[in-house]
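Take a look at the structures listed below.
Each of the next two complexes has chain A plus one more chain, namely chain B in the first and chain C in the second.
Up next, the complex of A and B:
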């Protein structure tokens, strides 16, 4: 059983990163690699689908903080979607909804990019 | 027949982030059978994860062969988790509570562990016994 996994797909010029499992200090570097790779490929429009993510700690939250500026400086964004309530609560507790757009579904987040 | 309920639990793990999942499983398996609400279980697990992550990073500076000991004591109205490490100590009073608005505006990374622990738990006590060990006590009260 994989403790944490990512899967990347593309739809309408939007890059979708699906997360699953447990995102903590041990697994956060895996997600950092995914974002570094997207930047290398100049893919700055990113939707992160949290549907299968069961858990996040501050090390996981830090990954989004580390990459948001680069995406926005390149006219892209990291939009977050489909969080389980326990995961959303941690983002909410720290005020992250002020900085990130959070959508209830992946499609809504993709739509937002298309309309921009 | 009288049933004896276990209310203290112990685990000792190596100082590696690989062990975080074992620590989380230990907390969940220790307190879930007592009927503790999911919300409280989740908060305790995250607080202990943050504490253990801080020990790996700041106390042992990523040396993987050191020890982290976790002791959990369950009472009807509270859960107390005591975490011991034998590495470098820190003064929690020197770590200011982050201004989250400013933190987000400046897009800082890291430094949220202690803040989360203090937010998720009812009490956070840290004591360093110079040259011996550091003791962090996290207390969650059940409403």
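Up next, the complex of A and C:
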């Protein structure tokens, strides 16, 4: 099992969170810390890059639900990008595309923020 | 000429049909097929409005529409696909109201698949017989394709359903694995919440849990106080099954005001130990029965984990308390005198046998001056740490007061005052002490409610019972009486706590004062204080036959030399 990791970078006022490895009940608190930290620093425009994420469980999805409202209340958003098909399937299955913008690449997601 | 025209028309129709047939059969997408059907009809009949409704559980349900606004489509009533008179007239009235002219059923070998409804032609010429015939042909060709697409759609739905169940199963598996490994309350509740959020797209929730007797809101985006107020007000056991939105609205208006749509009890051994409150799902779907079942499952998993954590903590606490008790016992042991004084006229021996718990027995030997020796024995009411604390307190007072060189009765009154200030309701100490004069055979004593020590002289017993009230009940109002006793060689004085005479055997019968006194009046005058002590101990041991004692056994024996 590949170790879960997060990596944060910034580009044009957009905060990019790169995820890799397995995001499940066990590793979800790590991602929670990342989002809490972003909110503390008032960084509300977030793109999550899933390119290196190989697995996500519904507990992992829960973390995105836990923070989306705070981001949106502060005129920001969490946009999702570059998911592997198996990861996208879980998001799709649980109805996330209704509530989240999902892009095929990180750049598209960033551009969407810039246009807004 | 006419024939040629007809030929051209037929040819054109045939080409259109072949094209259409190829198109609709090229895809298994229902949306594509229906769109194609509508567009083909629009092109063929030059109309701009129309929709296809499919038979869903006996009712026509619009599945594709063009040239008709969504608002118009939403007004489409619930019409039976049974082709009865009522259905016909309902369809007619909708068509009339929305500028639609033709309605044709789409049939397959299995029955009515649906119907197509088309608007008037642009040239307002109305549909000819031939055109209706052509429409029917198109519909016949489409029917198989629509049926297949519907079937595929249904399969897709089933697949999705299966995927969803699979996903939930893996969620349950994941959580039970995590919950089994965790003992941290915060992580348990976090994981529970993440799982709920991820699976149900909710962002408004509250989880509360009855930790022994205290109700705690452990995770919440709903304001905590109103939730606490609500749960404190109702009986938690009243919610033993999930409560849906309608019931919340009628029965629990406080929660309805917080936009709670679902209450799920978390049960442990068939008892509600917590609640999960959920708000609206962000995709607006209601909670289905399987949803509720799933939430109940993870809720119960979480409560088991929380309960295990609590029991684990309790066991740890108990272990810690036992360790503390051991330490307390140790301290208590250290409070007792370590060696007996060697005196010209007296031979002194003492023992205390603690029971299983930290007890309240106490004895002390205090050398106040060269010619004065205090012997004290006391029994603090109760057991355990509170009793031993009070005992340590008494010892501290006693040691300092003994040094004051006061008359013993006055000193006793002072001691009681000090103890009374330091005891709470219902606690008391029975206390006896005496001052031995080391340069002559004489003692002076005060007995504050302690079972009277025995003075044995010539096989006869005298009770040392002068004194006053037990310690700790109230401040000294009446001065304590003291009594001076002249001693003789061979006198035996035995001070003891009720653990001696009340030592019990397996049959729950006490050793008794009588046996004790008979034993003492029978001892040989040659025995030393320690030998007398051992004799009493073995008599008790013989009597109780190893039966564990609930009280400490404490004695001081003085033999006058």
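Heads up, the rule we're going with is that the second predicted complex is superposed on the first by the 114 of 116 C-alpha atoms of A that agree within 3 Å, B and C clash if a C-alpha of one lies under 4 Å from a C-alpha of the other, contacts with A are read in each partner's own complex, and residues count from 1 in each chain.
Simple rule for what comes next: a residue touches a chain if its C-beta (ideal position, glycine included) is under 8 Å from a C-beta of that chain, and two chains touch if they have at least 3 such contacts.
Quantities reported herein were computed from a predicted structural model and do not represent experimental measurements.
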**OP:** Examine A:86 and indicate which partner it touches, taking first as chain B and second as chain C; both and neither are also allowed.
**Re:** first
**OP:** Would you sort A:22 into first (chain B), second (chain C), both or neither based on which partner it touches?
**Re:** first
**OP:** Based on the superposed arrangement, let me know which partner A:59 touches: chain B (first), chain C (second), both, or neither?
**Re:** both
Subject >> Which superposed partner A:33 touches (first chain B, second chain C, both, neither) >> reply: neither
**OP:** Examine A:13 and indicate which partner it touches, taking first as chain B and second as chain C; both and neither are also allowed.
**Re:** neither
Original post:
So, A:3: does it touch chain B (first), chain C (second), both, or neither?
Top reply: first
Original post:
chain A residues touched by both chain B and chain C?
Top reply: 24-26, 57-59, 61-62, 65-66, 68-69, 90, 93-96, 98-99
Subject >> Touching residues (chain side chain A, partner chain B) in the complex >> reply: 3, 22, 24-26, 55, 57-59, 61-62, 65-66, 68-69, 86, 90, 93-96, 98-99
Original post:
So in the complex, which bits of chain C are touching chain A?
Top reply: 160, 163-164, 167-168, 170-171, 174-175, 177-178, 187, 190-191, 193-199, 201-203, 282-283, 285
**OP:** Please give the residue numbers of chain B that touch chain A in the complex, ascending.
**Re:** 16-18, 20-21, 24, 42, 46, 49-50, 53, 56-57, 100-101, 104, 107-110, 112-113, 115-116, 119
Subject >> Contacting residues of chain A [partner chain C, same complex] >> reply: 24-26, 28-29, 32, 57-66, 68-69, 89-90, 93-96, 98-99
